[in-house]
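What follows is a group of structures, each given as structure tokens.
What follows is subunit A paired twice: with subunit B in the first complex and subunit C in the second.
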Partner chain A sequence: MRRNLLLPWVLLAPSMLLFAVFSAGPIVLMVQQSFFRTNYILSLFVGLKNFAAIARDELFGKSIVNTLKFAAILIPFQTLVPLVIALVVVNARKWLQDYTRFAFYAPAFASGIIVATVWQWIFHPTEIGLANYLLGLAGAEPVIWFGRQMTAIGAICIIILTTYIGSYVLIYLATMMAISPELYDAARVDGATWMQVRFRVIVPMISPTIGLVMIMVTISAMQIWALVFLLTNGGPNYGTTTMMFNIYEEGFLYQRYGYASAKSFILFLTILALVLAQQRFRGLQQGFRL
Partner chain B sequence: MKKFLAVFWMFALVCGLAFGKGQADMGVPIYTEEKPAVLFVAKDGNITDEPFKSMVTAFREKNPHAVIRHLGIDISDGGLSAMIAYVAAGIRPLYKDYAGRVGAFKVEEYALNLSPYVDFSDYYPDVLETVTVDGKVLAIPLGGQYCVMSVNTTILEAAGFDPARCQNWSVDDFLEMARLVRDNTDKTPLAFFCNNQSADYLYSHVLTWFGADMYNDDYTESNLLAGGAGLKAFEMFKLLYDEGFIPRESAVLGAGDYLAMFGRGEVAAWCGWVGWNENFRRQRVENEGVAWWDFDYVPYPKAEGVEKAPLFMQNHFALAPRSDYITDLKNDIRRPKDAELDRLYAELAVALRDAEESTYAQNSYSVRKSLALAGLPEGLDAEEVARHREIVAANGSWDWGLSQMTYSTIRKELFPRLQALFAGEETPEEALETYVENVTRILAEAKIPWIEQ
Partner chain C sequence: MSRAKYVLVFTLTVLLWFPLFWMFKGSFENVSGVLSVPPTLVPRTVTTANYRYLLRAAPILRWLGNTVFISVVSVSLSVSVSAVSAYAFSVFRFRGRRLLFWLYMASIMFPGHALFVPKFLVIRGLHLGGTRWAVILLYLFSPVHIYLFKCYLDKVPSTIRDCARIDGAGEARIIFQLMVPLCLPIAGALALFVFMGCLQDYIWQYLMLGDDAKKTLIVGIIGKVMREARNVSSPNPIGLSLAGGTILLAPLLAIFAVFQKTFRRGIMVGGVRE
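Let's turn to the complex of A and B:
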């Protein structure tokens, strides 16, 4: 009996240890450092001064707005586009499903730097770039994609969408495959059309998964950093400086670790608030339906 | 869930406050009284070259008890981060680098006053002034170089502009050249890339065309709003872009792009360091058997009423840490002064100065009266260096604030303004005002970078 009680803890211990060291530990450290001015060798307790300084930090304010712009584009698109793709192929032949999985997931195999390098060429500001070459064929002038905030944010969103959409297609497909085939048969017997099967049967059945994807997309949209670092360096004129990029600059460029931790704390709370709000909204929706 | 979150945050706060690092956590000194160690930090090339090796050998013969550790660091802007990290760790390195980075350490709290150790009478007073704070010489100037404009005479001739006119040209002459190059060739009139701060020498010189002063006398604020020269320069930035005199992709292209353009001979004018043009041409010959373009060094164009357009410059110096620099914030406890360590650092800095002949020779101006331009390294053209010196003598150097401790931060402020200007998000007036405001704020907040106060 006693052995049975211990066994789950023994099995959980490795992952709990990893979680403590690599997730919970850094979060605790981040919260702690946000009350200090520190270079990790010398530290000075400053109470809430870091947070007071953040309130006056115009660039951080701009980075919050930029991050929300990214989120406003990415959350609906990254949630809905893979859903539509999955809905289209869910009952298709197996080879088409396999091909779809592979085709959409393949870009995720490449490292961020390879993805950025390829897209750097695609969005090159001259006719050398594929995007401008195609525009040229249509008789349009080349666009300096990363030269204006609007096009730079748009270009980065396109890169994120095309590269990371595959994971969400996989999640949706896996959930859809788990739905009992009897439900489809029943719907067809009742005369449901192709569209009705998808939107009246499948979508309601996978709504918890849609919520999960939305949360995952929200978190990743709030943490955009690598592509900004590699493609725009936060420019033009800080137009693509996200909260993560700003935090990176504070910490690793200016060595203001305490200040960067305080900003990270705010980012953490922002993500938490968004996720909780989404969950609450979904709860209300479900309550309304019932 | 709510209970869990509440418990988690309480736990995090208690942990943070209980285990926060305080004054007791100080860096461990890397030396002992018996065997002091000196850490020498410089960019990679300087560590392995012969003058450095001979300097170290001479130093070791004189100080057999001392241990020298040397470290080569990346010369990109990450270098400053690395240097700050060493200081933060309690390690006291002797730095040899360009002023933009070492300038951050040129503060009394950290740098050793070298006056008692070195006879500075041989140094040119204006050079010495850049490293002097409150009468204390905090670094040894090692020489430097100027960023001179060069023109591709092959392109100019093809465009129908006589290159001889560039030898004493006005801004109007420059604009005429730019129009001819734009209209009559497929080349770019002026190299201008500003996707980051690294290539600021490619565009900052425009400020000097109009006689703009970057700082007031005591470096407390930017002077660019005074007299209208700064505004004229910002209007020129906009004009250059709108007229197509600089690449339309200027805001998003950087070093990798413009170096290739120079090499291919696709720009009519640009600003760069001595020796670059010849290297580009040599590579061209090696790769393709022929360098189809030729070049000449010219002064910057001058606006009406401006007599001198001073040159963008870069200097190097060696900086030694003092033994009692602040190691603790809370109680301002200082380490006891260690005269032996101070002497060793000063001696190494002096030895470095004496070994700097090769560095001096690669550059275009001297910091010491007794040094003569002799024995240029292979590959450097004496005529080219002489031409540089001629232009420098006629125009002087522009005070870009390179030796100020805030320079590395200030230099990150101009390129975003240019990006905003080119994107039409700001007018020249707005861009200039924001730039001046930011520079003045940085100067006001100037602090020792590795200790946030």
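Let's turn to the complex of A and C:
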């Protein structure tokens, strides 16, 4: 271990500069701008007026409810479905594990935006859309997927789930692999069944990872924007306007930077509260110990 | 139980891959093909018209050039920044080391996209709005990569460095002749992650690059096919969307197939994007 006073700071200068300007700086700026009315030309201190306006902003209230609807679907599904898949596949024959790793992880590289190019046609409102064609085979009427809030949220969630679920399966599998095989053998010698090995041995062992996945999923679910922007533009009747989408409109379309910053601040605090509420934060700190 | 295992895995494979297959298949079809009811799993006629139309109607090569430029600069700068920071954290003991490392790791949990308005204000304050440098700068600092690089360096025994020092090597010589060759594997893996990020990210590139000449492949193609979808006189809006999607997807899947192991090793901390 070297003791050198100057060199480490020289080496850290680039990352510290980037951290200050693009990571910490924007948070400070966001808080500061929350108290200003800023547009392209002027910047005026207005105290708490932005927050008073937000309290009266019905669309933002609606966007909070919509965001929570997305989160209520995505958080349990993205945390638990991959866990179940991983629990089934773990300890399977090697070729099945290798196969699972490739087949489930590769689609996650597609990114939701890219697959939206095909999903928007699968969810076409007439029977040229595959989803409606299949419904037709089952004897159901065509559904105007992006015409009602429930189906629009459902369709966007399906796109996100089918795209990213595989990467969470891989995270779970990687952690399960780290469990010592002796533990399984010991459990089996003691007469544990297939179910007991999974729910009494594996799940408790990987609970920090479950917490970590839940946090990652929460953070991304609360920031849904791009798919909404491309597929529904916030509609129908603002039914898919998420907090991020609303902030995008305020900040970029109407250029009310101060007002948008105040809303970002609220979103930031909401995410922070949700993450802290999931008490597993501890697990993450352990993971990144110096 | 063992049969259920195979059923589950293969059903899920079909579910996850089907949209990708559908995109690929439809991209080679003409209008009557993509509109056909009932839809067919194998295209009736195969045509490259969608791809040819896209190449003609949009400055694809220019967008590709922008993507290459942004990727090359981001990869080289980002890996260098991560490398020197990790080296400082791993090799030196200095005041504030713990605090700074904690701050970096905490910033992993910052909801990045929620901060896009203030980030945009920062970029505008630097007079970089609308330039490719705006995108690049936002990609450079990645605490997860600093962490991965530091873990790698921590495993290099310090005796190697001490031996070199006893033999009279200075700090610069130790870094360039000893550490750089040792770190090529991790640097390569991180370069790959940054590169994939450049190809996948839509949000920052969309928000920062409005000018058609500055657009990247993903922003340009997505914008173009979405406009075509609303354009009544477009020859084959569905086929064009699917061709655009395939152009964006093919390189990602190819890179993944080649470097599968690297991505798998990196997934625990670095592989998941929102």
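Methods note: the second predicted complex is superposed on the first by the 256 of 290 C-alpha atoms of A that agree within 3 Å, B and C clash if a C-alpha of one lies under 4 Å from a C-alpha of the other, contacts with A are read in each partner's own complex, and residues count from 1 in each chain.
Note that contacts are C-beta pairs under 8 Å (C-beta built on N, C-alpha and C of every residue); 3 or more make two chains touch, one makes a residue touch a chain.
As the structure is a computational prediction, the values presented were derived from the model and not from experiment.
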item	value
Subunit B versus subunit C as contact partner of A:I165, first or second or both or neither	second
Subunit B versus subunit C as contact partner of A:L68, first or second or both or neither	neither
First (subunit B), second (subunit C), both or neither touched by A:V143	neither
First, second, both or neither for A:P8, with subunit B first and subunit C second	second
Partner chain in contact with A:F35 - subunit B first, subunit C second, else both or neither	first
Which superposed partner A:V203 touches (first subunit B, second subunit C, both, neither)	neither
Subunit B versus subunit C as contact partner of A:A187, first or second or both or neither	neither
Contacts of A:I27 with subunit B and subunit C, given as first, second, both or neither	both
Per-residue contact with subunit A, leading partner among subunit C and subunit B	C
Contacts of A:L80 with subunit B and subunit C, given as first, second, both or neither	neither
On subunit A, the residue positions that both subunit B and subunit C contact, one per complex	27, 29, 33, 252
Interface residues, subunit A side, partner subunit C - complex	1-5, 7-9, 11-12, 14-16, 18-19, 21-27, 29-30, 33, 85, 88-89, 92, 96, 99-107, 109-111, 113-122, 127-128, 130, 133, 162, 164-168, 170-171, 174-175, 194, 215-216, 219-220, 222-223, 225-226, 230, 244, 247-248, 251-252, 257, 260-261, 264, 267-268, 271, 275, 284, 287-288, 290
Interfacial residue positions of subunit C with respect to subunit A in the complex	1, 4-6, 8-9, 12-13, 15-17, 19-20, 22-23, 26, 34-35, 37-39, 80-82, 84-85, 87-89, 91-94, 97-98, 100-105, 107-122, 137-138, 140-141, 146-147, 158, 171, 196, 200, 202-203, 206-207, 218, 222, 225-226, 229, 238, 241-242, 244-245, 248-249, 252-253, 255-257, 260, 263-264, 267-269, 271-274
Contacting residues of subunit A [partner subunit B, same complex]	27-29, 31-45, 125-126, 144-149, 232-233, 235-238, 252-256, 258-259
Subunit B to subunit A touching residues, read off their complex	9, 11-13, 15-17, 19-23, 25-27, 77, 81, 84-85, 88-90, 195-196, 248-249, 251-253, 327-330, 415-417, 419-420, 422-423, 425-426, 449-452
